[in-house]
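Given below, in the form of structure tokens, are the structures.
Common to both upcoming complexes is subunit A, partnered first by subunit B, then by subunit C.
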Partner chain A sequence: MQIKCVGESGTTASGDILIKIEPCEGEDIDVEIYSTVGKQFSRQIKTAIINTLQELNVSGIRVLAKDNGALDYAIKARTQTAVCRAGKVLSFDWGVLSDEQNKENDAVCSR
Partner chain B sequence: MNRIRRTMLFVPGNNPSMINDPHIYKPDSIIFDLEDSVSLKEKDAARFLVYNALKSIDYGQTERVVRINALNTPYGREDLEAIVRAAPDAIRLPKAESADDLCTADQIISEIESKAGLAEGSVKLIAAIETALGVINAYKIASAGQRVTAVALGAEDFITDMKSERTNSGFELHVARIQILMAARAAKIDALDTVFSDVADEDGFKQEVMYIKKLGFDGKSVIHPRQIEMVHSIFTPTVEEVSYAKRVIEAAVEAETSGSGVIALDGKMIDKPIVERAYRVIGLAKEVRALA
Partner chain C sequence: MLKNAIGREIPERIEGLGELTPYQGPFAIRPKNRRRGPQLRQVEPGEKKLLPNLEKALIETGAHDGMTISFHHHFREGDYLLDKVIDAAARIGLKNLVIAPSSLTNVHSSLIEHIKNGVIKRIETSGLRGSLGEFISKGMMDTPVIIRSHGGRARAIEAGETKIDIAFLSVSSCDNYGNASGCVGRNVCGALGYAMVDAKYAEKVVLVTDTLVDYPNVPASIDQTDVDHIVVIDAIGDSGGIMSGPLRHTSSPRDLLIAEYTAKVVEYSGYFKDGFSIQSGSGGASLAVARFLRDKMLEKNITASFMMGGISAQHTVMLKEGFVRKLYDTQTFDLEAVKSLAENPNHVEISAAYYANPHSKGAVVNCLDVGILSALEIDTDFNVNVITGSDGIIRGASGGHSDIAAGAKLKIVIAPLVRKRMPIVVDRVNTVTTPGETIDVLVTDWGIAVNQKQPELMAVLGKTGLPLYDIKELQEKAESITGRPDLIKYTDRIVGIVEYRDGSIIDVIRQVM
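Right, the complex of A and B next:
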């Protein structure tokens, strides 16, 4: 997915995370995290963000995350929303997340 | 699966701290809301949040329902595309006004279930009736297919549509409640009552719950965890009710064994509907015990 502009999602409320994504030169993913539980969980937060970005085939971006104790599902959801906003996605292909395309390809291959 | 739905707790769909653990308050159902509690500019965020919560959080035995936006809005169709893939127990369709509304939702859900590899019919539909036209068409809505598992009254929109006013006695909702209840009974599905918005008015809430229980509703939508216990205590058969029901059933079995056509208990005649009600009380008590 192509990132076209700055995209932001989430809040700094308890249990939530604010994710800001912006395009940058190259193919790297640069993640900067500020978290109330950073000492214990910053590595897991970074992993959750990067995994979500890779699932959406996104690179060449800078991510700023302000976390206030969000669980993994919320980190993932806020990252996905920020990506869609930054990519100006009007209609998201939900089959991508549930791996339907791969299942269809597998079915075709096994025929 | 035959579910009991004494309480359906509304949870705003864009608030992670509320989505994380509403099941700890032990409602029978949770409704994750993508509609009225989510601002227009956050519809996309709430959709992603509820989708991921359903995919990753174990809510135990609590029924997981998602209220989507109406299908005639720019959000309803994509809500279904996302949420059905997360395999909730049911979708609550707002502002249902005709059987066609339910059939359209049913068709879209079937297509998504097929693409996502889910069993057809696994995601149920709860129709929220919130307009005069919806009330008039209540039976057609309630009987619009196998997927429809309950009808629910949405009072605030209904009151607005009717140009009436909300009162504590609820007389302005009486006809709608009766019509929706009869539709549900005729279609053999659940009937769910509307929310009681004044969380601080415990007496008013108790009166309303007792009233709708007597009318015959299966349960009530609630907006705060503190409302759950009251509804459960009123909708759960008491020890005395269970004891009486057992005695009715024993008397009926005894009469059948002895070949007697007449059943009597404590000097009163017990006829078939009373025995049926006794079995229902025992069934409900067993289901509640199974959830505890």
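Right, the complex of A and C next:
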């Protein structure tokens, strides 16, 4: 997915994360994380963000994450939304999600 | 290093604190000493007690380098006095002071400057929060802080382990001979339960007030026979501050679910009958438990003999409505409750010693049926941490937690399974303040675990349809939601020791990296 502008999603409320994505030179993904649970979870937060970006085939961006104890599914959803906003995507192609994610979604829907 | 009875490594001695006794069990240590009171003094007729300012009071009471001064924390986040006294001590050049307040809150971060400049050498307290807690956790003091429970502090003072040279006690009103109250005055704080102990046992007692009233200011919580001097200042604190701190009123569905489960555990436990007694904490869910129990008491047409706490408006309404016959109050949590303490003879002020000192002829905690307790973390042995955060930094208070857990018949810890991605039920808590052998039940929003040491209770609750789990299952559930947290890295350096209520050491707090 092509990143065209700055995209933001989420809040800094308890249990949420604020993700800001902006385009930058090159093909790198640069992630900066500020988290209230950083000592115990910054590694896992970074993994969740990068996996989500890779699923959407996004690179050449800078990500700023302000986390207040969000769980992985919230991190994933906020990242997806920030990417779509930064890519000016108006309708999300659910097909780009990994099989694993689709299975998770199916499981949630059938509950 | 020695291992104590719960497997924590305790050094045999610490520079500046001396020999340490490892924790051996909740009632293993029997007291051998006598109560240690202050030197007798004769105040003669005509002598005046009023002094013009705090500096003068320090000089008049023989303040010297290295002495111990104490304070109370009844004003919580609204306290002005501690800062003013330490500033005054700094101005007259005092160094290496030991401060022994009943607790410290977020407003006391200015102490950091006085630790850096050598005015304060050592701290004994129940709690530490905010930037001061962080500063100490990062190893910025030479001598570790001592963390004590409210009962443990009363014990240490009565036993002469904490020898207070001067107690500076803010009181809402006072006459010129030292009769003082927390219920009358420009800035009220209600009960003076912690201060009452200091007033009895400190070598010198200085009362500080902003409301000087005509003699005699009775009924008095602290009386003239214990008071050396009185200083009048502009403002001792902000009454509004007693409401802040950890107190919350909740509409959170998660807190309400925990409260509902807890009320059911109490109801089915066998202790819920006419004349039962209960202490509930200051958290949102704890306060909600009392509301649920109120409905059940109506249903069963029973009343409680007494409640204690942290007394808040909710308790006083239950007293007025006749749901409970007496309230024991060591510390008052809001202005409604202050009003009740002043007006209602069944709302009774008690000292921290009366409330919880284990080495006495019987503290109130011994008479409690049910204790509802909070937790920052609880582990699969039911050990509870209420002092350090999940990141290892000191941000809590020992309070009456271990006192109630030791004394009450049914001890219930309530906590959400996950708090801001942090699993609350863990393999091993960062710091133990309350030993698991004194906890019976854990209630979370995902289910309830009963300590294996209580098979009868387990059998009773098993028949109720409540969601019962092994505590290990709850721990696994928590981790499946949050992911496994990376371990906190500590250095070997000890920044705090946690005393159990009997004076033995239940755990140490190490410097975070």
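Worth a mention:
In this text, the second predicted complex is superposed on the first by the 97 of 111 C-alpha atoms of A that agree within 3 Å, B and C clash if a C-alpha of one lies under 4 Å from a C-alpha of the other, contacts with A are read in each partner's own complex, and residues count from 1 in each chain.
Everything below uses one rule, namely that a residue touches a chain if its C-beta (ideal position, glycine included) is under 8 Å from a C-beta of that chain, and two chains touch if they have at least 3 such contacts.
It should be emphasised that the depicted structure is a prediction, and the values quoted were computed from it without experimental measurement.
Once chain A of one complex is fitted onto chain A of the other, the partner contacts of A:T81 are limited to subunit B, with no touch recorded for subunit C. When both complexes are overlaid on chain A, the residue A:T36 reaches subunit C alone and has no touch with subunit B. By the touch criterion defined above, A:Q44 reaches subunit C but does not reach subunit B.
Between subunit B and subunit C, B contacts the larger number of subunit A residues. In the superposition on chain A, contact is made by A:G10 with subunit B only, not with subunit C. Applying the stated contact rule after C-alpha superposition, one finds that A:F92 touches subunit B and leaves subunit C untouched.
In the superposed model, A:D72 makes contact with both subunit B and subunit C. Overlap of the subunit B and subunit C interfaces on subunit A comprises residues 14-15, 70-72. Per the touch definition, subunit A reaches subunit B in the complex via residues 9-10, 13-16, 70-74, 76-78, 80-81, 84-85, 91-92, 94-95, 97-98, 100, 103. Chain contact summary for the complex, subunit C toward subunit A: residues 390-392, 418-422, 481-483, 485-486, 488. Put simply, subunit B touches subunit A in their complex at residues 15-17, 19-20, 44-45, 48-49, 51-53, 55-57, 78, 81-82, 85, 115-117. Remark: subunit A residues 14-15, 36-37, 39-41, 43-44, 68-72 touch subunit C in the complex.
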